[in-house]
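Look at the two complexes coming up: subunit A is in both, with subunit B in one and subunit C in the other.
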Partner chain A sequence: MTDRTRLALLLAPALLVLGGLFLTGLGLTLLRSFRYMPALGLTDPDLSAYVAILTAPGFLTSLTLSLWIATTSTLIAATLALATALLLRQTFPGRAIISFLVQLNLTIPHIVGAIGILYLFSQSGSFARLAHAAGLIATPAQFPILTQDPTGIGIILLYVWKELPFITLILLANMQALGDDHESVARSLGASRWQAFRHVLLPMLMPGLLAASTLVFAFAFGAYEVPLILGAHAPKALPVLAWQASTDTDLATRPEAMAMAVVIALIGVALLALYARALAKGGSGAR
Partner chain B sequence: MTRLSLHGLRKTYPGTGQAAVHGIDLTVESGSLTALLGPSGCGKTTTMKLIAGLIAPDAGEVRLDASPITALPPERRGVTMVFQDPLLFPHQTIAQNIGFGLRMRGLPPARIAESVAAMLSRVRLDGLGDRRPAALSGGQQQRAALARALVLQPRVLLLDEPLSNLDPGLRDEMRQLIRSLQQETGITTIVVTHDQAEAVALADQIVLILEGRLAQQGPPDALYRRPAALAVARFFGGVNFLPGRSQGGLFHSAVGPLTLPPGAPEGDHVLTLRPEALRLGPGPNPRTARITSVTFLGTQTRVGLAVDGTALQALTTPDLASALVPGGEVTVSLPPEALWLLPPEATLSDPGQPIR
Partner chain C sequence: MRADLRTLAGLALAGFLVLPLIPLVGWSVAQGWRFPDLLPDRISAQAWTFALSPQSGVLASFATTTLIAATTTLLAILIGLPAGRALGMYRFRGRSLVLLLLLAPALLPGIAVVFGLHGMMLRLGLAGTIPGVILAHLVPVLPYMTLVMAAVFARFDPAFEDQARSLGATPWQTFRTVTLPAILPGLMIAALFAFLVSWSQYLLTLSIGGGRVQTLPLLLFSFASAGRNDITAAIALLYILPGLLILAVIARRITGRGAALTERLHP
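Coming up: the complex of A and B.
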């Protein structure tokens, strides 16, 4: 067996999955978004589905909501993850327990977490009842609206809770690989603890932090199940709109659902490209 | 010009149970270039980190001139440490790296640029200021790391194994650079090394650390010719050791009485003689030796000898050794002025330096 055939055989499963499932799926989505669905008698591709969704009254609101959710949860999760990683890098009693607790929720599915948030934070949830029992509020209904609210607080809460350990883990691995020698050098060169963090450790962690944050952002921007459970009736996050359109009994809405999926994907890819450029510019010297 | 002194400095890393540094007392004279010498794992780097303030001692004090700095954070000590790896900041250019400390001090950018440019040329990195560290060779990176420390004009400069990651050719160049920069600036400098030849070639003063304790301190030739203990002699390549008794100017040992230099101490001792001082041929204290081995080492030849069943080694020139064959006999002499007496047991104590 030549090296080339061996390589081809080794890559075959991955290529099959990528080509067979991902590319075919992407192709079909694109075709349908251009209203090309021979089964329904649509054989004349056009852009009307895109025009329809982009000019629909709620589209811009939904897009803004999705961007808001993704940006806010990524920023909060990344900041808290940085603090957590810095804390867990120290040795102190109880470190192992905290480390375990932080990693525990990596194993919990998003949807389970979402339902948990609903049970805890909704106006009929545990915290509302506790606050009522403690006499802090007159009726549970006075509890602040934290879930299924129009600004997506419940969704952001879930994403921060769920993605914080993921970013923390990546940062910790990064810190372990870097060691603390660069900071020691910085201190010895006259940098205070804060200056060594700000001018040496943070820039060196940036590539990893950006990579992890991009993944979190892409997920929070494109996933539908969490905003479906924890989102308000209106406005709806963009992926929820796409999901509803694609499961509508009226098959005529399919092209619009597909067009929305394409728009979500395009925005995601555009952001990834921006990130890659920022990385190439800012971190070219970083390993 | 700053004198650095350590007083009973002690450090045990948590969980190891064994002290990395056992109460070191040490004075490094102002403006000197001192080598902190010792085998790997003897506590040299720990001592440097204690001086730099990167770790805290369990006991003891570090002083610059008369003032203790043990409680000061590293950035306020005026002590700068250069690590074994260059550890340049990968996200900064070489010029930014060299200017780092000055930026942290809040100096105006124009002043920084000026100092950095002067430093770049001093370490022969002209024109490389805009490069990223990864674009430089190992030797260039090491010079940039040195420049990054020197530009601050610290009171004390610590260099941790600055040559060990370099190719032999670059090592010489770097050694000369360190030497000339130190002489120019007069900054009190400590160089850590595990290589006795490097310490001898580089430093005015050598501090030998064995097993976390100060074994001997002095100028290179003192440690070389007049070791304070067996372990010191061994570390500097000593191989000839004869246990015996000194009495009335004679040393009684397994090879018979040997004439000692005047003023030699009396009593039980271990006599040592550097292999290059053991002369092949007739002379004072002559003995007949059987040749056990002849090893060509390039510039020198090592000759294994047996005198009355006692093994000795001589280092000689290849010319002189060319006639020697294993199994043959040769007359050797042990010049009294090259004989040195060591305390009998393997103690590390140096009469001049109290050890706790």
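Coming up: the complex of A and C.
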């Protein structure tokens, strides 16, 4: 058996399954977004679904909200994760427990974390009760609206809580692979601790940090169940809006749901390009 | 930073990490816990008794979720292991294209695929069935498995296989006695985390299962939106149990901590 046939045989099942499910799913969504649905008698593709969502105010508001949530969560989580990774690299009492908690958090599904955040930060949640006990508020309504709020604070809190450990573990793995040598050399040449971090360690961690942040951004932008639980009634995060349009009893809104899904996918493709670039840089730079 | 400052920062971090789990534990044993009470009126096992009773459907749902996640993982191993070998051990034309196809499901939101996938499952007669949901779960799970196995095979030395073959071992014997033991630690971790990726799916199950396949997250959401905080909390704690077990297994096997866990992880 030649290497070519062997390779083809090894790869064929995965390519067939993934192509069959993922690409077909994506392709069908695309066709329907152009209002091409022969089963419903629609055989003339057009762009009216895109025109409809772009001219309706709800879509752009939702898109902005989702971009805001993803950007803010990613920036906060990445910054805190960098600090956490630097902390966990050092030795101090209790480090093992924290390493365990960081990994534990990784195994907890988003939906469980979202419910936990709701029970903590809602207007009758744990913190509102503590505020009442401290004499700061008299009724739940006086507690600030932190969950199911229009600016997505609860959602951002959840993503920071959930993705901080994810980015931290990736950074720790990178640090482990890099070792301490580079920094030691910089220090022995007279660099301060900050300079060694800023000019030696950080640039080497950057590709990994960017790649991890891209994954987090993509997830925070496209996840459905988190804004479903922690999001406001209006505006809705884009994935929630799209799903709702797809389950509407009015069949005419279905192509609009598909068009929203395509816009979400296009932003995902842009992220994929960024991610590929971050990885390529990591390949030539850090190793 | 001084050591006691580090411990302080560590404590703050630890508090932040466990914080959302605390009200869940509280609610799961609470009977009557109105605002502004800091503690429940009574501690009771009521929510747990209900959650574990047949009429709540939680245990049946636990079984369904386990069946789906286990089957998805098994299929992902059968399909992803060979592909991972090809990607990890060979450089070939189109390799980056294959990698792109594998990375796409991790970066493209589920909602982008789910509508078309549902249409396809309808046509295949698999919408609303467990096999349909399993196939749908392969979309995020298979790339994960393949990429982790590619990383495992990249560190694997094929010379051992050649030696075994030259000493007269059949391909199957070579795989079982040479290849498998070498890749087993990586495969175990990939399988356990693939299980968790499927275990955590919400949207794909909701869409393809069409409400007829009730996995734990779906059940969890319906109790949460019904405002039953106590039962929701009990189910939520049951739902994170496999993750805890998996973590315990891995912690015992792997001393390298994060490194092995994070290879191509989902956020």
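A few comments on the model shown:
Rule of thumb we're sticking to: the second predicted complex is superposed on the first by the 272 of 287 C-alpha atoms of A that agree within 3 Å, B and C clash if a C-alpha of one lies under 4 Å from a C-alpha of the other, contacts with A are read in each partner's own complex, and residues count from 1 in each chain.
The rule is simple: a residue touches a chain if its C-beta (ideal position, glycine included) is under 8 Å from a C-beta of that chain, and two chains touch if they have at least 3 such contacts.
Just so you know, these numbers come straight off a predicted model, no measurement behind them.
Using the contact criterion defined above for the overlaid structures, shared-chain residue A:A186 touches subunit B, although it does not reach subunit C.
In the superposed model, A:S48 lies in contact with neither subunit B nor subunit C. Of the two partner chains placed by the overlay, neither subunit B nor subunit C lies in contact with A:T64. Of the two partner chains placed by superposition, only subunit C is touched by A:A276; subunit B is not. Put simply, more of the residues of subunit A are touched by C, taking subunit B and subunit C as the two choices.
Of the two partner chains, neither subunit B nor subunit C is touched by A:Q142. Overlap of the subunit B and subunit C contact sets on subunit A: empty, with no shared residue.
Contact residues on subunit B toward subunit A in their complex (touch as defined above): 49, 52-54, 73-75, 79-81, 83, 85, 87, 89-93, 100-101, 103-105, 132-134, 148-149, 152. Of all the residues in subunit C, the ones that touch subunit A in their complex are 1, 3, 6-7, 9-11, 13-14, 16-24, 26-27, 35-38, 78-80, 82-83, 85-87, 90, 92, 98, 100-117, 119-120, 135-136, 138-139, 142-143, 146, 196, 199-200, 202-203, 217, 220-221, 224, 229, 232-233, 236, 239-240, 243-244, 246-247, 251, 256-259, 261-263, 265-267.
Those residues of subunit A that touch subunit C in the shared complex are 3, 7, 9-11, 13-15, 17-19, 21-32, 84, 87, 90, 92-95, 97-113, 115-120, 124-126, 128-130, 132-133, 140, 158, 161-163, 165-166, 168-170, 172-173, 176-177, 212, 214-216, 218-219, 221-225, 228-229, 239, 242-243, 246, 257-258, 261-262, 264-265, 268-269, 271-272, 275-276. Contacts from subunit A toward subunit B in the complex involve residues 181-182, 184-193, 195, 199-200, 203-204, 206, 282-287.
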